Each structure stands twice: as structure tokens, then as C-alpha cells.
Amino acid sequence: MKQKVYPSLDAAVADVPDGARIMFGGFGGAGFPNNLIQALARKGTKNITAISNNCGTREGELGLMFKNNQVKHVIASFPGPHANHFQDRYAAKEVTLELVPQGILCERMRAAAAGLTGFYTTVGVGTEVAGGKEERVIGGDRCILEMPIHADYAFIKAQKADELGNLTYRLAARNFNPIMAMAAKTTIVEAEEIVPVGSIDPENVITPAIFVHRIVQAKGLRYAG
Amino acid sequence: MKQKVYPSLDAAVADVPDGARIMFGGFGGAGFPNNLIQALARKGTKNITAISNNCGTREGELGLMFKNNQVKHVIASFPGPHANHFQDRYAAKEVTLELVPQGILCERMRAAAAGLTGFYTTVGVGTEVAGGKEERVIGGDRCILEMPIHADYAFIKAQKADELGNLTYRLAARNFNPIMAMAAKTTIVEAEEIVPVGSIDPENVITPAIFVHRIVQAKGLRYAG
Amino acid sequence: MPGDASQEKPVAAKPRLTREQIAQRAARELTDGAYVNLGWGIPNLIAEYLPKGITVHFHSENGILGMGPRAKPGQEDFDQVDAMKVPVTLIPGASFFHQADAHLMTRGGHLDVAVLGGFQVSEKGDLANWKIPGAKGSGGIGGAMDIAAGAKTLIVCMEHTTKDGAPKIVKQCTYPLTGLACVDVIVTDLAVIDVKPEGLVLREVAPGWTAEEVQKATGAPLIAKSRVAEITFV
Amino acid sequence: MPGDASQEKPVAAKPRLTREQIAQRAARELTDGAYVNLGWGIPNLIAEYLPKGITVHFHSENGILGMGPRAKPGQEDFDQVDAMKVPVTLIPGASFFHQADAHLMTRGGHLDVAVLGGFQVSEKGDLANWKIPGAKGSGGIGGAMDIAAGAKTLIVCMEHTTKDGAPKIVKQCTYPLTGLACVDVIVTDLAVIDVKPEGLVLREVAPGWTAEEVQKATGAPLIAKSRVAEITFV
């Protein structure tokens, strides 16, 4: 049977090329694929377009990618005041940024996942985020057209993965991970625990295996800085 | 504390007015709110717009609504060959029908749930369902604009409900129920079992309580005809 | 590929593949680990004929991934049905989800293969499979349009001709369409045909049939290599 | 509501509500069973001041419904944090879901009340709360735009004036906008104001303040009944 379990973090990211578009899960210190991010730092992939809610906490989480200057463009909702490596690169114009409202970030990724080619929303109308976007009135409401966000890879942090790729998450570490897992062409998962197929109740699977392409076991790594 | 649990099926549907737009969960004999449908038959609400994957199986499921001539318009994906009461009314022009691809039916309801005001899809382009819909090319693909489907009520069948309204479903009886529960203004649930608050693991809740407005306990009723 | 009709037996007289054989041949298009949706009719028979040693994850648009065979009589659970309303079993590692996620999978390009029945397929790969013109009743679409639009590979299984002998593979569909340019492979009781940018490529013919004979039963030109293989059954 | 400025004490000299008192007053806008999202800053203090005997279900846009108080020191679980990254507890009946569903709740009109901080609110209820013009760095939006667009009732809690004494309730926002015509109620250290189709209606004033004094600190006209009540604290 086709194998999704990879022997190491480095093997799981070995083919991620320069210029890749990568979604990174995580929010508020929880659910970040920190082990995969460190592996990508070792691999040294450059010119990444990073899609993430924020831009790291000092050298933790996505911070490492900016410290190493591996990212050229970011699509994010809240880069964050503690994302100093990002802020430095941004100030130096070494990285560009598209700011997106958080729920719209989710929906644009979900649209990519669901094969939808655009959607209208009232969110952001009349604000800076409406700049350059088509506007029209629907049912009396001003709306703007938002486009899907696709990615080559999603880096996901799960609690449990079975060997087929069914995933569960721990508490609020779920956050962006299930959406990104659905939206990327290749979804790479670091899981606290790899469990035998059949040990996750089919009713409690959060991310079905169809969305998961690579799994690697890695003990949780939390940036506590 | 605010009470969502209703004493009877009849009480739970007592205010559903003539002309209401109602979503009905269920697919393939599983997950139909048959007890609520029977209560609505007793109530006698007329001129309903019914949003449902299909139109019942003989007098079972939604069939009762057509037998009683309570429905004037249907939005459905697959009315079904055994929906004879619907087919008779349809042939007699007593009920009108909008046919929608099944996944687009889901997405249009989800758009209503999610506060989106329309979306583009390649599904249905060049077919009868594209009739009267705006078409445009996005990224080289012909797409049509689909609009949200809103409803006044959703009739939902759950396995367990806690007293706050958190829901779980049994196996594939889940189907349309969680989407409809999110999409309607007032969601009425018949649950096999009402369990104490706190007895559903927060990670295993499928429909969070925010989407549920009325709960009534009713033993599963399956149309086996 | 014009043939000399006078030298040939009437087309109807030669044996064609049975519905089960069409399913058996189509099953060989599935690869290990594939995520697959099977539609009504002949496609639904495919699960019985999976090549040995491979695992295929069957998807049902009502919200199941990892369906196994039909439930045995007496062991049915009517909350665990497939899109055809048939009680099914699960294989280990199955999962349940709601119907919007089920169709996120169909539309979003997550299914490796979908297999649908067909009334007509055009030379461009347009599919008509949901409504017979003039049929009584409302008709119904179901999941076919989402599946046709989104599957990475769409296989259509059908008889090569109607009961009246009219071709079902045509230049342009006359039946109401399910989707445009969506079909990748056609498996019929006479042939396996790939829909390519250059046209319909005849890959295999039914045992005893020639490329010319299949062409005669087809309403659009077929591109054939010098020697087209016969469909085999192991 | 023009007043005779010469007869009044300077505005700055009178005591205003503390941040905690603003939160305490805003908490009284919440009703039993409400689903509520609290934003950064003053709004985040509201949970401490819920009226007795009511249950409010707090929502966090990272995917929690049913948050209780902050976790006690030593009992924190850093996988169970709110949108401010603070480890929280749960009340019975809580649930977890992914962030797309969390914002389906914000945008789709499922939250009864959302409370956000504000830099400026216009007389039409436009809100500016995410970016200070000229501030260093990238800025960040977070969930505020989705929440502002979707909540059934949007309350803004903020100081009535900037540190320099400039009004934060204005005819037109000069700061980058979060949303148009989205604010329903403004609770400040000087007043409770309803945003109505007819304009800004002064509902209550801080203890010791007159409607005229509040008007002076406000950059847009206030509509006041003959007698405006004082904010009380139980």
C-alpha cells in the first residue's frame, strides 16, 4: 500500500523548491508546524511565498523563515508586533505583504480547496483591503470580489495521524490547520503521534486522509519566547 | 439560563408560518427529521419553499409534505424517482422546482451561513443550470455566479444534542444536516437523545450550539417503504 | 478509418462486453492508494473487480471516505449508506464528514478518479448523463455535475450504442449536458478510448472486434494506432 | 446642543470612567444566552463584569465557543488560548472548530454581540480600529473586519478622546477604516451612545458629566433627550 509516512522531517521537505507557495498552520502559539519550519530552514528554500495568519514570534514559528531571509512575499492577516524579523525585512523592503482580513484569509483558502473560483463579501468594503478589487452591489449591499488562495504546500501540525493520513488536532491548536490541509497541492503533516489505521473513530476524524500527502512524527516544539 | 429544549415536536414547529422557507436535512434514507416533518404536517403550514436534496420516498420523509400539498416551491438536487407525490404535484404544476447540482446546493447554503454574497464556480457551465446566471471567465475558465440560499428554518436530525444545542450525528446520517443547521435563521433539531451539558467532548462536537435554537427529543423514525 | 461494410458481419451479431466486464476493465484504471468516487449503474460494479494487492479509498458524496463492500444481509446499518442508498461497510481508516466537505472533495480536485455512467460523450469530452430529452418527471442532477467538474481523471462507463444501435459517442451531445470537456477515458462494451487534445484515441477494442468495426459504431472519428490491442481479462 | 463654555469647568478636570468601568458598563449590554466575541483592549476586560445569573457564551475567532475565565497560573494549557494568546478555561458545553467555521460565525450573523476597541467611530457608525496613520511597521487586521461586518450588535469600547483631547467620535473617520456603518453602540469613559439611523443618540453620561460637556468632547452632533441618565454601577 502507498506509504505516506516519511522517515524524517528533512525527508518530508526535501523537494520543496525555491519560489514555493507554502501555507503554515498555527495561531497564538498553538498548532504551529515548528519542526517542519526548522527542517525548511535547514533545507534553505528561498523566495517562498508564505501564507499564514501571522509572521512569527521573534525567531520562533515563522520568525525563523524571516531571520534566514527565505521569504519574499507574505499573505497574512496579522503579522504581529513580536514578528521582529519580519518587520525588519518588511521595513527594508526585502519582503512584500498582502494584508487580508482573517476570516477572508480562511475563505480564500477554502475556495481554493473547494474548487470555487471567487466569491463576494461585504468584509473590507470601503477599507484599504478593497483596493484594486472589483466592487458591485448585491441585494443592496456593497460587496468586493475575493479570489482563491492556492498553495503548493501546506505545513500542518496535528495531534494524531493514522498511517493513511487521517488527522486530529489538540484543543485550539486546530485553528487554520484543517483549512490549509485542504487547500494545498501537497500537505505535509508533523504529528505528535502516528497511530495505527483504524484507531481514530471515523466520526471524530477532523482532516480526512484524502487531504494528507506526507506524515512525519515529531514531538511538539513550542516557541515559548 | 435560556432554554432551547422544547417539550414536544408540535411545540417546536408551532410558529412556522405559511410561506416559510425551510431546509430539510437527510440523504438516502438517513438523517431525515421525520418526526418534525410529521409535526409540520399536523400543523398544516402551507406554501412552503422546501430546500432539500430530494423530495421524499413515497409518503415518507418529504413525501408527506407533497402528499398534503404543503409545498409550493422546491430547491433540490435530486427529487428522485420514488418521490411520487412530488412528481404528481410537479406534473400538475402545483409545485415549481429549481434543480441545483448537489455540491452547489451545499455551497449556496454554506455561503448563506458564512455571510458570503455569491460565488463563482465552473460547475454547471454550459448546462441547463447555467440558464439565467451571470457567466464570466476567471483564470481561463468559464464560470457562473451562484447566489446564497437562505432559509427561515432548518429541520435537522441529530443523534445527540446537549441542552445548549451542541450536536453529534450518527455515521452517514450527518450528510446535509450540519450545513443546513448553520444556514437557517432558526434551526430546529430532533435528537435521538438529549444529554447533559458537558457530556459531548468539545473536540467531537460537529454542530456547535451557536447554530441551534430549538431541540426536541424524538425517537428515530425511518421511512422503510 | 473507413471500412468496407459489405465484407463485414453485422455489428450487432458480435459479442460485446457485459456490464460486469466493462466494470472489470474500468477497475484496472485504478491505482494503489487512489481516492475514487463511483457513480450509478455500471460504475457501481467496479468495486467488485479491484486488481489484487491494491487499496482504493472509495468516496461517497453523502460524506464517507473508505467504503468497503455492501453490508451482508442482516448486518445492514441504514445510517451507513452510500449515494445509491445501499448499506455499506467501512474499511479501516474510514471517515465521515458533512456533504459540503464531501463535495469540496469532488469539486476541488481531490478525487484521483471518478467513474460515471453516460448517455452521451462528445469528441471534446463533453458528458451528458443526467436527463433523457422528453423523459417524464422532474429529472435530477445529484452529484454528477460537481464530480464531472472536479475529478482529476473522469472515466465514463457505458454501452457503446443505444438499444436502437445509435452511437453514444458523438461529435456533439444532443442530450442535456452534465459538463463540458470533462471526460478523460471512456470504457464501453466495445472499446477503451482516451479523450485527448488531438481527439478520441482508441486504446483497446473488445475481443474479436476491429478498430474499423468500433469506428462504425461511433459517431465521432477515432484515432487508432496501426495496431490496437484487444481488451484482456485476467 | 451648544453650551456656554465659559461657565463650565475644563473638560479634563472631571473624573472619567476607568477602563474597568467602561468594561463594567458594556457588560450590562449582554443578555442571558448571548454568543459574544470580545476584542483586544478594554473589551477583553468585560468577561470579569458579567451581570449575575446570566450565562454568556464567549467565542474566540481561533476556534473556541464557551470560553471561561483565564487559566490560573500553573494550570495553563498553551493549546487552549484565546485570540489574545492567553490560556483560557472552558465552560461546560464548549466546543472547538477550525478557523473557517469560527469566522463563518463572525461574518454570517451568528454572534449576538461583538465588542471591539476603537480609534475612531463616525456618526454613521463607521469604525477605524486597526491602524494608526503613520505608525511604524506592517500593521495587522486580524479578525476585526469580519467581526465588524457580521455581528448582530457591534459595541465599541474606547476612551472618548485621544490623549491629546481630540474627539474619537467624529463626523468622518480619518484613520484607516475597519468597516462601514457597522457600529451599534459606543461605550466610552464619558458616555453610552447608540448609533441610530437618525444619528448618534446619547443614552447615558458618566457620573458628574452633563450632556453638553460630553457634546463638547465629541466631534459629531449628539441627539439627547431632555434628561440623559447617568451611568450607574451596582
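Lettered A, B, C and D in written order, each chain numbered from 1.
Going forward, a residue touches a chain if its C-beta (ideal position, glycine included) is under 8 Å from a C-beta of that chain, and two chains touch if they have at least 3 such contacts.
Since we're looking at a predicted model, the values are computed, not measured.
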Labels of chains that are neighbours to chain B and to chain D: A
Taking each chain's C-alpha mean as its centre, the one farthest from chain C: D
A-C or B-C, whichever has more C-beta pairs in contact: B-C
Chain A and chain C: spacing of chain centres that average the CA atoms, whole Å: 36
Inter-chain centre distance, chain A versus chain D - centres from mean C-alpha coordinates, in Å: 31
Residues of chain D touching at least two other chains: 96-97, 103-104, 107, 149-150
Residues within chain B bordering two or more other chains: 107, 110, 114-116, 121-123, 169-171, 202-203
Chain contact graph, described as a line, ring, star, complete graph or other shape: other
In contact (per the touch rule at the top): chain pairs: A-B, A-C, A-D, B-C, B-D
List of chain C residues in touch with chain A within their complex: 32-33, 35, 54-55, 57, 59, 65-66, 90, 92-97, 101, 103-105, 107-111, 149-150
Residue numbers on chain A that touch chain C, as the complex places them: 1-2, 110, 112-116, 162-164, 166, 182, 197-198, 200, 202-203, 205, 208-211
Chain B-touching residues of chain C, taken from the complex the two chains share: 60-64, 77-85, 96-100, 102-104, 106-107, 126, 131, 136-146, 149-150, 176-180
Interfacial residue positions of chain A with respect to chain B in the complex: 107, 111, 114-123, 138-139, 141, 143, 147, 168-169, 171, 202-204
Chain A residues within the chain D interface of the complex: 27-31, 53-55, 76-81, 86-87, 90-91, 97, 99-104, 106-107, 109-110, 121-129, 142, 169-179, 206, 222
